[in-house]
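Structures given as structure tokens follow.
Heads up, the next two complexes both have subunit A, just with different partners, subunit B and then subunit C.
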Partner chain A sequence: MSAASQRFALIAVRCVFAAKWLRQNVYLAVGTVIILAFLIAAVFGEQIAPYGANKQNLLNSLEGPSEAHWLGTDPLGRDLLSRVVVGTRHTLSVAVISVTLSCFLGVILGLISGFVRGHLATAVDAIVDVALTIPNMILAISIAAVMGAGLTGLIIAISISFTPPISRIVRGRVLEIREEDFILAARTIGVRPWRILLRHVLPNAATVIVIEASLQAGQAVLTATALGFLGLGVQPPTPEWGTLLGYGREYLHSAPFMVIAPGLAISLMVLGFNLLGDGLRDLLDPRVGN
Partner chain B sequence: MKPALRFLALRILRAIAIAFAVVTIIFFLFSLVPGDQAAYLAGPGSTQAEIDRLRESLGLNDPVLIQYFRHVAGLLQGDFGTSEVYKSDPLPFIIERIPATLALTAAAIGLTVVIGIPAGLIAAMFHARLPDLAISVSVVALLAVPNFWLGLLLLSFFSVQLGWLPSFGFSSPAALILPSLALAARLIALVARMTRGVTIDELGKDYVRTARSKGLGRITILLRHVLRNVMIPTLTVIGLQTGYLLGGSVVIERLFAWPGIGDLMINAIGQRDYAVAQAVTILFVIAFLIINLIVELLYVLINPRMRAA
Partner chain C sequence: MTSATRRTKRILLAGAAGIVLASTSSLAGPQDNTLVFGQSQSITDIGPAYNAFLQYPSGYEASFVIYDRLVTFDDQLRFNPQLAESWTIADDQKSVTFKLRAGATFHDGTPINAEAIKFNIERMMDPEINTTNRPLWDPIAGADAVDDLTVRISTHEPFALLFNTLAHGSGAILSPTAIMENGQESETQNPVGSGPYKVESFNPGLELVLAPHEGYWAGKPPLDKVIFRYVPEAATRVSALRSGDVDVIDGVPTHLIAQIESDDGLQVLTSPSLRPMGLAMQTTVPPLDNVDVRRALNHAIPVDAIAEKLFLGQAKASNSPLAFNTVGYHGNEPYSYDPDKAREMLAAAGLTDSDGNGIVEQDGTDLVFTLLVPEGVFANDVLIAETAAAALQDVGVGIEIRKIERSSFWDTLRLPVAEAGWQIGMFGFNPSNASGLYHLDSMYTSNPDNVGRPAVWNITRYSNPEVDALLAQATVTVDGDARAAILAEAQDMIWNDAPYIWLQVNNIISATRADLDGVEVWPVIFTVVRGGAY
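Presenting the complex of A and B:
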């Protein structure tokens, strides 16, 4: 068989396996569908949304759900469905970017404290220990307060406050791996430590990292929208979900429908990430039987 | 010294060391605030001389390290700096607001125990049947719902539509219901899930079979024998989620205009009153450390196996 057809066969087999996994693993399937749907909404928000997210129409202010505006309109007559759809981008990108950053940092710190011995590891351990005693949300609020409200501040706040737990989990896994025979074997034949770290330890820790990243993404959505709700996130008129809820709170008496859609969207996205994480855990982590 | 006392002493020393480190981190974090604090506080229309005088009186001209040592020395004497909004020591304003936050978090923990544990026990008793399914689905749903949205929905329904409960402030004990429920929802879900898992495990153990063969009823076994073993993981969950409770209380207090320290913190940030924001952050961390100490102590009290260790 030629190399190309071999590769094709391999891909085909993998696809069959993936389909089988998805059928066996309902969590993973549902989570994947939800997150894919949000991904599409994030990329094509403007095309999907029936109206412009910031298109005002003061004659239609605070209208309840109708055929023209499925979820109603806000005080400026903006279509709520469009605002929620277009707002997907902000929440999703904040979650994905900050979890990527915190995983990157957390993995580096976790590898150092789990694999490298000496003063550096002790120092990293101490810092992570201390950082873990600052409640996540409080740390995020403080950082957001110092950085000032906005997208950058939000991402930095969440990335930093999510790094310690990830580093702790990576550390735990690395401590397990370093006791394995294959690491000893690699050491014995004289493989250099950094190579062991990158080629043997990291790939074996990858499972834990992927699962944790997915679960943390759900938490990042909750934190990001909570900061938005508190007025410390992305500023209006950007239709960020948390900010929309904060705005809707002021109209709870006259227009209670304003808070339905953004909250539903947040919950669905968190649900998607949680299911994805749980599904990945069932799939990848043989120690957790179901 | 008794091992238990030694353990306690070591834990307390560790907590103090961590508190000191956190104070340091928070100080340097807040020293990063951009812009001229003195110019902002002096207000628009103030002369350069006034701004300079204010900056000098706040000690903002000194090197950061000097400011840091002054800050730590102040904290040790109970001096949390000067609130620029209240023009005074912020401590009385903070202390005045502590009971409301305590009431909120305590009520949330109470609700968690009262709802979460029975829900988990029921799910385990009806394992793989309808009640179990219903509870398990609710748990997954509750873990995805943001607490402030749940709060908004509760507020909208019970206060605005039905008018049964007050929508803001801490005017009566009834006002506690909605905010503590919104804050507790996530914890209730976690505790129910944990209780369900542990109970299913425990029900398959030998001592349960022995109790059954002795003729004890299922409910008696559950409440007298199994529940005892379920308490430890439950306590663990609550202990691990203390950070969530404190952080969540800030958001919930804001939503319900609850007169606690979380609301104070967000107000202070809005008014750029960083001395207060910093003081509240430090207080939150200290509360967190103290609660974790208490949880560790409770562990030793509940679990005789740990007393020997």
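Presenting the complex of A and C:
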């Protein structure tokens, strides 16, 4: 066999493997592509957007989708595509920051209640139990209403309302791990508890945390835009998706493209995070049959 | 309990009730002989005193159905008799004697006589009871019962606006028996008037149900029920009208007019309004204390474009502190839209952009104003704020928009200067007694304490002694032409002093079923369903 055909065979085999991997992990692949695209829009929003997000032109108000304005214009003649693209940064950063914060808090609380035990753990359990009885959305609305419209309020509201479920999931996993033989072995040879926690328990719980975080990110997008829709998001003229959707509602009959643009963006981002989460679970979680 | 906490409690209760009520279907339309009015604002108080008919304008709209007044307006704001049949003005012009309609009774059966009128007039003169609308009632000296059906109302000086006061919502006549039995404050929740419909049930903040007053002096009212229901979202109101859930709506957005007009079963009612919109500037806060800066900002806003594009022609750019149809209106030279001129004027006032970031500096720091705006209180409020912000930024004035929840909006406008947290705020005064003098007096007479809460609605803290003197003179000038001449002079001064960035006067737009007659849209922004019939 010639060197050229050997190389060709190798490439073919690789392609087959890549295709097989991709087929098995199609969720992960599609989710990653969607989120990467949004990430690029979030970082380079102003450069990508065809017009300034707040550039008004009253002469072009409420124009339907056209070659010049792919998703149409709003009542002030602002390009909806540009507003949606520039608005990506806001929604994505709210989702990522608040999920990171809630994971951080949730992991600490979960580790305490799952591993430490004692009065502190009982107290944490009780608080988490109570918090879990309040629906996420209601908790977030109440916190946002007290904090007022703005980025900080939004992030705090979502972080706090998302912490209890994460803490509960981490606790469950920790309770499993602490009964494993290798933990017993570590204890027997006198490894300090905090070292066991950091070196053995946490790495083993990391998988569920990562999967839960990516799924929660989708929820965070929905909560953030819902708060924006209710007028608790950001101050105008910031192009936030939920706020755009809220304004568009009044024009549902006369200019439906006002809600289609931000609505599509929200759906797509939630889909991206959910696919990513599902894909990660398929890939990482040994309990899911592959 | 303060009235504020009581109101909060009421609103919370109403919210809870709303969840229950929202799921039940309701009466509406000619088949039920019921008129349902879907209102853009909620009703929490329905008495003329103690804050007077909250919220605005929904409470006033209900009051015109529940109560009678001595005289009333028609939809052209002319005076018509209501409880009074006729009147004579004294030669010294300091009193008017009213002859009352015989046989009229309140909802509780109490006869309406001179004593009842005297009771109500004296009640509204009391600042402890009638806490708002003071400029309407302070000039009144008292009322005397001449005989059972004749009452004389006297004023301290000749009072040009006596009829405006009596026709105003706060001129409502209440049953003295009910007030004596139920307490002074009972009127806000459980009022007893003499209008064609009486209160059957009231869920503050949500729904007010009225039933016909069988003993109404003009005969049995035509409808079996009149229901006022709060429908905050404009698009939802229009949908509710189209589906027949409600029969009348107010606050129709201009872009939905075509949709309503295309439906043969519906009709649009419009009226030019008496409420000129503007952006109030805190004239005591530098650099807004400089009249040239205020004028410059007036040149920066494309008001004609706002009127044409955002209101689709249902608005006109202002050219006076008063709206075009207000009694006493006098037009001025409009501030042309000229951003270059605005930049030059700002530069001449020492406001230039030396660091090249597009925002002018004042004492070395970027000049950024907070622009206060409500959502859903004024037509296109947030869109106008965004347009104004972009236009002001274009001439180098930084703007941060602060959108505020509608229930706290009015109070935030009236905060003392140091606590206000805004320098520019959207506002439009509605002269609800149809008088240009009342309008100017409420908005531009100097405040006694110019950094505290404004006495009435002078939220710009505008203070010009010449204007004060002219308005004081107009109040005691009974001759209409002479008064108009004084008001014209005052309008010129105020217009040139520019305490506001003047915006547009937009039409009031309501809509009803086409088979419903008798609903009136008054230029004082009220939609009045008192005469409604199928």
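Before moving on, here are some points about what is shown:
Keep in mind that, in the parts below, the second predicted complex is superposed on the first by the 266 of 290 C-alpha atoms of A that agree within 3 Å, B and C clash if a C-alpha of one lies under 4 Å from a C-alpha of the other, contacts with A are read in each partner's own complex, and residues count from 1 in each chain.
Rule of thumb we're sticking to: contacts are C-beta pairs under 8 Å (C-beta built on N, C-alpha and C of every residue); 3 or more make two chains touch, one makes a residue touch a chain.
Every value quoted in this text rests on a predicted model; they were computed, and no experiment measured them.
When the two structures are aligned on the shared chain, A:Tyr251 is found in touch with subunit C, with no touch to subunit B.
In the superposition on chain A, contact is made by A:Asn274 with subunit B only, not with subunit C. Shared-chain residue A:Ala12: touches no atom of subunit B or subunit C. Once the two complexes are overlaid on the shared chain, A:Val259 sits against subunit B while remaining clear of subunit C. Judged by the touch definition given at the top, the superposed model places A:Asn54 against subunit C, while subunit B stays out of reach. In the overlay built on the shared chain, the residue A:Leu222 is in contact with subunit B alone; subunit C does not reach it. Within the superposed three-chain arrangement, the count of touched residues of subunit A is higher for B, of the candidates subunit B and subunit C.
Of the two partner chains, both subunit B and subunit C are touched by A:Gly231.
When the shared chain is aligned, no partner comes close enough to touch A:Ala123: not subunit B, not subunit C.
Contacts of subunit A with subunit B, set against its contacts with subunit C after fitting on chain A, overlap at residues 231, 249, 252-253. Considering their complex, residues 18, 21-22, 25-26, 29-30, 32-34, 140-141, 143-149, 152-153, 155-156, 160-161, 242-244, 246-248, 250-251, 254-255, 265-266, 269-270, 274, 277, 281, 284-285, 288-289, 292 of subunit B touch subunit A. Per the touch definition, subunit A reaches subunit C in the complex via residues 54, 56, 58-59, 61-62, 75-76, 149, 231, 235-237, 247, 249-255. By the touch criterion given at the top, residues 233-235, 238, 253, 255-256, 258-259, 302, 305-306, 309-310, 375, 380, 382-383, 385-387, 389-390, 400-403, 405 of subunit C touch subunit A in their complex.
Put simply, subunit A touches subunit B in their complex at residues 126, 129-131, 133-138, 140-143, 145-146, 148, 218, 222, 225-226, 229-232, 245, 248-249, 252-253, 256, 259, 262-263, 266-268, 270-271, 274-275.
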